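Naming follows writing order (A, B, C and D), and every chain is counted from residue 1.
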């Protein structure tokens, strides 16, 4: 069971090494200013817990507009691409807001103890969702902070960030798995999971052979040296358009002369570390070049069920779609996952920035196929 | 077995009612001028058959650039959105080009008879692919001509076009199908199919219940009257952005006052005819409003295996992805289907504009989720 | 005095060498399909003469929407960039429309003879405006046809078009003009002119020295060879942005290897012919490189007052703004010129495509500074 | 003579009421973060004075890239629209940079005293340009800070800002001025001015009559109430496109219910105060509605020669073009003014945010015709 204050404090700890100015900027529409993350995760508790169970009025009447992300049922909000225009509230004011809501949440917890069993259960569930939501934003903070700092000419590091680019095993070992009817997804008795991980259901798989390790920087460099980014035959049509329009020639954060930007600053690329910050298009093109393929999410889950968080998220060949029998969360939280089920691809495995207590091996992460600012790598299957 | 000249002549027959000017214009990037279709389908035979088997040089040195659609391996080509800039070659010149290639194809066919078995087989396969390709463009011609004519202030009809908007059965009857391991896709011994329909493979399905009939204009009108286009709770996030940005308020070609533009001109909407020209986003939103869901393509195929072409294509809930064991066509034709396997959704069932001899119940059509100028309708499953 | 039918017939003569398909396409928003010009000039007579003097109803109810260019007071119209979407009315139908209006104009002319003096005068004025308008579109036709044909891979010529690229005198001779108070603009007693050429007014000029000849292709080539398109110091800031964004490296229609596209097809560049199809930005940059400057329109007019049409329009350093005492034409024609008086620069001198009877030495042509599909050249002043 | 440290300190004083976060954001491409202004004006001294006269190396090697605005001759720089992406250097670091350069400038001033007369003169001139440049950015700071704060939901005020919206005389009095040859521009013996104010030269003016006072909010409200923003007959074609595309319905910062955002926060509109924050398009449309016209810059200067700064800049009918005999500043400063002489219109008169010692009645301000975030108002001439 997640501890409220421990998780809330961890969020601030992640940002401890930032300058005030770093909290504010938004280099691209899909990046949120760290300040916004701090406020949004707090607004989630205020709205879903305090307001719903105690009918409180907003701490500040402008905050629901500013800190609502995409919940249409909860009213209008700042367009995502305009979050970086907001200098107010200040970082300090957002921290005070956090303290206020944390205090109220503690008071609420003690009041709820005197309510009925059902209310207690619903409260506990909502708080748990809020804490997982906060943890999800902890990972987003690492992603967004990295992106923001990478835009600064001095390429600063983030003190206390997880170490990137660790060497990894590089054998070509493969795991052979027998086909047939397998089950994937989260069982009802397995505790907390997101709505998109259910219902647990049967899938039919063929025999397959999945790599034990991820693709390394060395291997990806061979792809580049072989003209990987210049030969359309490896690419999906949309991917090829993306390569040409965005002039893509290497994974994100590869700077020059075998250097790479990490949360530890600019460092030499480690050939034996897994390649990171690739898009689905790049992962798919690499696989085709290598005469392999990406695993489906079912193949991935059957192979790694029950294993802990890995170093990098891994693109699967599966589109992000509802499982059979999918039921979205109730009420406002119904918009949490379900409405994003078009145009995106599933990633599996967790990454170095994912809080360990947040991860499950049934976890379905998802991004558009051109995105690559998350910590994403490549695991292959034999064709 | 498809007859070469019959199919080639049919293409011209479809365009017989057009004015010369109608052959040239391109109202949107995704619409091709009819003249371009006539040239492209011919270039396909010239390139894949005459050039490959007989090393002929191009009939006109500018045509490969003009009439190549998207085959990167076959050289540069006019950007898709600039096809409507080309007044030359003229319609008449394209018709002469068609006659030239048809003549050469007949000569080639008689020469091939004296070649080895294997060459004969490869030739026959390639011609068959070219004819299916031509038929695919026959359907595209109906789609594109309709779109072009809909932009003319007088709303002209297309003489000889298939009749749209026929009344259909409107019962709520459902077909119940038992779950378990089913097979879908085209068997190797079933004759011609596209590469994307193979390999035939097992899927696991739950019990499901699929509607015998399509959603009607009357039902879709109820959705609109209930605020369907104004209530975000029914929509995928990308769909809701599309509705707002494109100010969508009805299916494509709905004009005003219960009127609709068809290939027969502007007519009154028939309440009992199936709703047509909806996007995936609209189909999905309608299903959610109706507390139903769209079928997966496997569910669709198991239910309608072996049945003939239907009146409208039907959106499925399945992303367009490779089947297990997918092998693209050989050589230049490898770009035919495989490289489009991202970001699109599968439609099943054929439509009134699909040549009957072109259709198979394993046929996988695919479009981006916002597209709706094809003849697309909605079939539901119980949730 | 301009003869109605002579001028109307000349318009058709210009288009006589086109294929039907050439009449329809629109490669860029600022290009109009020739068919549209034919219809628009006719609509001008129908609306300004027949409808206004005889209250006729439109020949075809869709034509006012299709053929109105930009007259807001005359109702809605097709957006300029969508003219190329209209395959209907056909070229033939537009020709019939022209014949119909011409017949009605003849009938009207004989009826008007029995009306009062004032009505006769107003009629004559309106017809005269319509004919100058038609002549203006004759020049636009040459410009737009050239642009359309330049987009065809075979680079066709236009039979009967004026000969481009004639050698010209290349001396460095300058005309010295004494400063002081001069008058420019059209006098009230000089017969027809556009509203923007009045009121005739005084301007104070310094002594200046203006080149007798235009800048040649040879000189412009020296500018290019000296890095003209790569050195920001020669360029206005907006011009430099334009060069970078549009990757400009030579005048429009320069193809490769000292070739140039003309209305006579692709030909070798003649070094002694005046450079053509340059933008204001290019003319201004060239002048700065040459340590010269462009003349103001007053300097131009004082130097060339009363002289006939020249080979190329010449960019002046003057913004297109109202003369002191400017009064727009009455009624609907008030939108003819006045509302375009922002953001554009004046060109003077006429060109090979300007009908001789249309031109006056007080004529003010105007285009945005990045435009260059008109027949535009460079005349310099000493600094 | 301007005092270096007084002017440098004033810049910081303007920003004293800002939060750190306010220094960083960039709501639109044409707005610069206050932090950037602080650094840029300092870079100007470092580059034009210290580096040029003493060959110093940059204080920080990344600063020339970050703080160069648009001087192509001085190397590459951050694209204008990406200034708001830079969280580094921090506000504090920029302040330290300012102190460093100020110290060096003092040291340099005392060293220069021992140099030759000519060097001393060139130094003094360059410092003077730098100080006027700094003052120009003081006005830009008020403009940009106002724009930034207007995007904050709480609509904060800026402590210490000049008072906006003061009531003004509202008589219809006009000043009649006799035409003939007048002189405008700055004489060579009048001390510092920008290069664009020279050469002083003769212009010929007709008799004219110019309003003594500016157009008020009351008058502008009448324009709105008379359908001013809905009637194309008042608008230039480009202006009408702008009104439609940007959905303009009132001057900038008009909020609702007769409220207006000012540097003092949101206040009630004062009917007798001059209307502020209008574009050229709006000023021109208002003039046409009022059956008046805007003055040319020559008419303006002849009328108000020698008078001090006014409350609001006033749009003139003159395009921003070089005066006869214009010579840009020498060396790097040649890019200061001259390269912006296309597409912009001249404003005259100074405004409440213009430092008094910065202003001259020959001062030529310039903006694109759709811009309106400067303090711009309307002065009319009788037609």
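We take it that a contact is a pair of C-beta atoms (placed from the backbone, for glycine too) under 8 Å apart; a residue touches a chain by one contact, two chains touch by 3 or more.
In this text the structure is predicted, and so the values were computed from the model without any measurement.
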item: Most remote chain, CA-based centroid, reference being chain B; value: D
item: Whole-Å gap between the CA centroids of chain B and chain C; value: 45
item: Centroid spacing, where centroids are CA-atom means, of chain A and chain C in whole angstrom; value: 58
item: Chain centre separation (chain C, chain D; CA means) in Å; value: 36
item: Overall pattern in which the protein chains touch one another (line/ring/star/complete/other); value: ring
item: Residue ranges of chain D touching chain A (in the complex, touch as defined); value: 19-27, 35, 62, 65-66, 82, 84-88, 90-91, 148, 151-154, 156
item: Residues on chain B engaged by chain A in the complex (per definition of touch); value: 70, 72-73, 181, 201-204, 206, 232-233, 235-240, 280-281, 284, 317-319, 321-322, 324-325, 334, 339-343, 345, 369
